[in-house]
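These are the structures in question, set out in turn.
The same chain A turns up in both complexes below, where it pairs with chain B and then with chain C.
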Partner chain A sequence: MVAVVPGAEGGHLRQAGIGGVFRAVVLLVVGAFFLIPIIASARYSVLGVHNHITFSAYRSLFNDPSFRSSLWLSLQVAILTVILTGLLVIPTSIWVSVRVPRLRGLIDALSIVPLGVPSVVVVLGILGAYHSILNVILTSPFILAPIYVMLALPYSYRTFDTAVRSLDINTLVEAAQSLGASWNRTLIGVLLPNLRAGMIGALILAGAYALGEFVVASLLSFNTFPVYIVQIGLTAAAEAVAVSLVALLVAFIPLSLVTIFGNGRTKKRSVGATR
Partner chain B sequence: MVTTLTRSREEGLPSPPLVAHKRREVRRYGGVLPYLLFLLIFLIIPAISVLIGAFESNNGTLTLSNLRLAFSGPYLHSFVASFELSAGSTIIAVVVGFLAALAVAATKGRPRALVQSSSSVLANTGGVPLAFAFIATLGNFGIVTKILSDMGINLYAHGFSLYSVIGLIIVYQYFLIPVMILVMLGPIQNIRSAWVEAARSLGASKLRFWWSVGLPILTPAILSGTVVIFADAFAAYATAEALTSGTLPLVPIQIGSLISGNVAAGQANLGNALGLGMIIVVALAATVYVLSQRKASRWLR
Partner chain C sequence: MPHGNLRLEGLKKFYGSTRALDGFSLHVQAGELVVLLGPSGCGKSTALRSVAGLERLDGGHVFVGDHDITQQPTAKRNMGIVFQHYSLFPHLTAAENIEFGLKIRKVSGAKRRRRSNELLELVGLGELGDRFAHQLSGGQQQRVALARALAIEPTVLLLDEPLSALDAKVRVNLREEIRRVQKEVGIATIFVTHDQEEALAIADRIGVMHQGVLEQLGSPTEIYAAPSTEFVAEFVGKVNRISGTATQEDMVMTREFGSFSIGDSVAVGSKVSVLVRPEQLGVRAIANGSCRLVEMSFLGSSFAAHIRGSGGSKLIVAVSPDESIAFSIGESVEVFQRGPTLLTIADIDEPEIAIPAELAKLD
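Then we have the complex of A and B:
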């Protein structure tokens, strides 16, 4: 099905005036815009006195104890975010499509609502609603995890739900249960293996969101990794650029895994479907 | 055996099938309860708290003075600045992203897959690291700034500053252009070659094809891309905060400094009023989005 998309090779677009010169100019300019900051950061981070190359920025980062402690805190929060996302998104999405398809529209719509509430406003609301009664909870950095689960829901839920939709889930459930499998066994033994790509994608997106999030952490005064970067940026620009470069490059790894995983998986499935 | 079982049940309870059915119904809907409860606690109640706070005076009475303050003087100015930033970012990102999507869609094979996956990574980047990458590039002592000044072009002497609305518009392109590319690639690839051939055989020039066929078909997608990008730029906080350390008066940054305690006495609910203002702007944008989506689905039918 995917293979016969009209004009998949774009030949007719070239006929319609999107010629070689146009493509070359646009791709070159846009490509340069995206590459230059990366190259400039790399150069800037190793810039010593009199244009000598020095790795002192990286070295002093590595020796900074708050570099490690903030990274460790961010990792913990991210892991908790991933776990909570899994517990919330996976059962809900599966349950809705198997048991209450009538609610699918509502659940789906609710999952995008966080996009409409800027995270500054979320912090404002959480402080306003809970500050007086939950002072203790708001002082533990792990309160960040459920907030991140909610803020990342538009990405994580959609990703997983797309995978659920592309599966003939009712047939699988009926088959498993007619063979005597319990609900848990159906879920763990049958559904989740089939939904692995969507699951990994959703969880990586949630984790990446938690690792990069700055607004909520900074406003609730927790020293997560992005908050740390801004703090050292105030005094040591080269260090901040160095650590930002590493963060940008590292972000590429899990996020491109999502796209590669996702793409490979859908392709395989659609081939199976045409067969 | 089956009959005896039903009979004994019927004798035991008043109307067992109905009760069982109801219980099953409750269980069915109960499965989505954790999800709803979670959103209630972390999204709905906070949003309601902002809404109520916006209309509440310091001693809890109903008032419009927060909103009046939020939409006048320096705070009105911050809404204007935020709007300029988002509108400027949106126009550039929509045009450049659209052209890039056209160029990518007309290219065969591998480059297209590469652009698609890197776009989805970049659309999710943003944030703090981006700000420092651009400080290294176009900041006071940035590499590109230095190269240009060696060539005799002194950006900062000509009124450019990375730490201004113009600077932010440039930085925001880094995550907004990929959003536009992602939104447009699908619809552009759905343009059928038959449409091009039909237009050409009827004597339409290339430009005429795009003006009379291509653009009208792509309009709903362009519109929804515009709205998504505008909302994204309007709500962005991290990059602006990291780049300007809160000196640029944008609405999210104003709210942030109110939360951090830089608040004058008697303005406790001002933040809520500003927050409500942001929600309204984003909600308006979302309404346009929903309407354009509806129109788009009608088109494709």
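Then we have the complex of A and C:
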């Protein structure tokens, strides 16, 4: 879609009418591509016997205690993943840029490694490495959060690091320090406000990854939301579709809020450099 | 806050085997503007950055007044810095940028605003306090950066090639502005640049740097008219280098351009090169001269006459527009001396007396 827009704008200069129509068509096609499956799912989830509208699927869903417990578990794990990602990725990327730029290539390479390692291997590795010494930890579902932090690194680290690179971060740091700012002050008062977009992007990606991850949770036998969806899909088709729609809403509402909120702030403060 | 003087004693900074600073010393008086001038890689920026504490020194001391601040971190040094790259905080307005350092010093809001307004006026941007960096031109951004650096009432002002990202006209304007503001505030200032014209225009004193040491320190006129080394003579201003043989202690017969009286005294008979500025030479047309006028280039206020000698050496002579009319390209001319030469250097490449090979190597 991105590739189409400049073309439409080029046409806009000469033939505003055709450009407008073209844009509308693109929007319609792309919109239909995303919306039709959702509408179809929604319709299927409320169709009962003889095409009667019924919300029984949703009712049984909300009455199912493991629906709520799995959703709650996934949210907790996702929040923990977001926090840990922030604590790991933000200081690392900034520190590498400012203090040890020659390690940048290495850190970059390390951040993609999780893409090349299948989740199964990660799980087996973790079980093998920690099972004997940290049995207690492995029985807590929160062990998932650090695993997700690592697995989501290719997305979260790169997103944030791109934002860091788009700033002349060394000069900003030196300017802040020359004015008497401590490291904390520099980070909170100067760098993070200018890295807001990258930071939000990175954290959303990490959170979304944690909410949607199935393989690791399933292999470690934790009943997270995606695991629950798969399980219920085996027995009750309508409920499975209903639960997917609920999941979509659960993801969509906070994401939209963050995007609207984040953009609004960004526009008001007019941060040009980070975008 | 009293503005201190700045003393740098034997600064050393090595990057592997490269000596960026090799025993660099400099005193800057309160209220004085010293320009560090030199080609890239001469150590001038390293010197400035180590004054600011942005580089860790391998030796030497930095004093402000009587205080040795060599070990202090940048944040505690209270020095105002303007960087070569645009350094305004993009998420803050011009006024908020200026107030940043004051906020850290816990100055009250009303005081901060008063101070930022004063400084915006001082740098000629009274109306633009609520603009963000990307809404300002490069020159305006550097003005705000200057105001921000001055807001904290620094003991020393450090300007690291603040004009090099700007285009020529803005550069000339802004350097005069910087000089005016610096005089008004009366603060010890180090200004780093590779632009000799800029240095000559604004400095109280110029320190010409070469390979990590101060090659010469002096007023702009001293540096220009009486360079102490060949490097300074050739880096600041245009200079001709003419080789010849000393016929008297203060007279050199050049091979292609006639004889010159020199300011230095040299051994009679020694082979030397004479350094002389184009404006200290004159040129006139004569019949059957050994030199030719090969080109006349227009420089605005004067012309540069390019002269070729019989042996192929080239020389540049400054010619006034009135004089220039009389000449035609390809004409036979002779060169004469109008003013003093800069320096006379012994030519070690071509010794007059054959020196045994071992001794020659020691040179």
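Keep this in mind: the second predicted complex is superposed on the first by the 209 of 275 C-alpha atoms of A that agree within 3 Å, B and C clash if a C-alpha of one lies under 4 Å from a C-alpha of the other, contacts with A are read in each partner's own complex, and residues count from 1 in each chain.
The rule is simple: a residue touches a chain if its C-beta (ideal position, glycine included) is under 8 Å from a C-beta of that chain, and two chains touch if they have at least 3 such contacts.
Here the structure is a predicted model, which means the values were calculated and not measured.
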Who does A:L73 touch here: chain B (first), chain C (second), both, or neither?
neither
Have a look and say if chain B or chain C is in touch with more residues of chain A.
B
On the A-aligned overlay, A:A152 touches which partner chain: chain B = first, chain C = second, or both, or neither?
neither
Once chain A of both complexes is superposed, is A:V82 in touch with chain B (first), chain C (second), both, or neither?
neither
Which holds for A:E174: it touches chain B only (first), chain C only (second), both, or neither?
second
Can A:L203 be said to touch chain B (first), chain C (second), both, or neither?
neither
Contacts of A:S182 with chain B and chain C, given as first, second, both or neither:
second
Contact-wise, after the overlay, does A:L248 reach chain B, chain C, both or neither (first, second, both, neither)?
first
Identify the residues of chain A that lie in both the chain B contact region and the chain C contact region.
none
Chain A contacts chain C in the complex at 167-168, 171-172, 174-182, 185, 189-190, 193-194, 269-274
In their shared complex, at which residues does chain C touch chain A?
52, 54, 73-81, 83, 85-87, 89-91, 100-101, 104-105, 132-135, 145, 148-149, 152
Of chain A, residues touching chain B in the complex:
5-18, 22-23, 26-27, 30, 33-34, 36-41, 43-45, 88, 91-92, 95-96, 99-100, 103, 107, 110, 113-130, 146-147, 149-150, 153, 155, 205, 208-209, 212-215, 218-219, 226, 229-230, 233-234, 237, 240-241, 243-245, 247-248, 251-252, 255-256, 258-260, 263
Residue positions on chain B within touch of chain A in the complex are 28-29, 31-32, 34-36, 38-39, 42-43, 45-50, 53, 96, 99-100, 102-109, 111-113, 116-118, 120-122, 124-137, 139, 141-144, 173-174, 177, 188-194, 196-197, 200, 206-207, 209-210, 214, 231, 234-235, 237-238, 241-242, 245, 252, 255-256, 259-260, 271-272, 275, 278-279, 282-283, 286
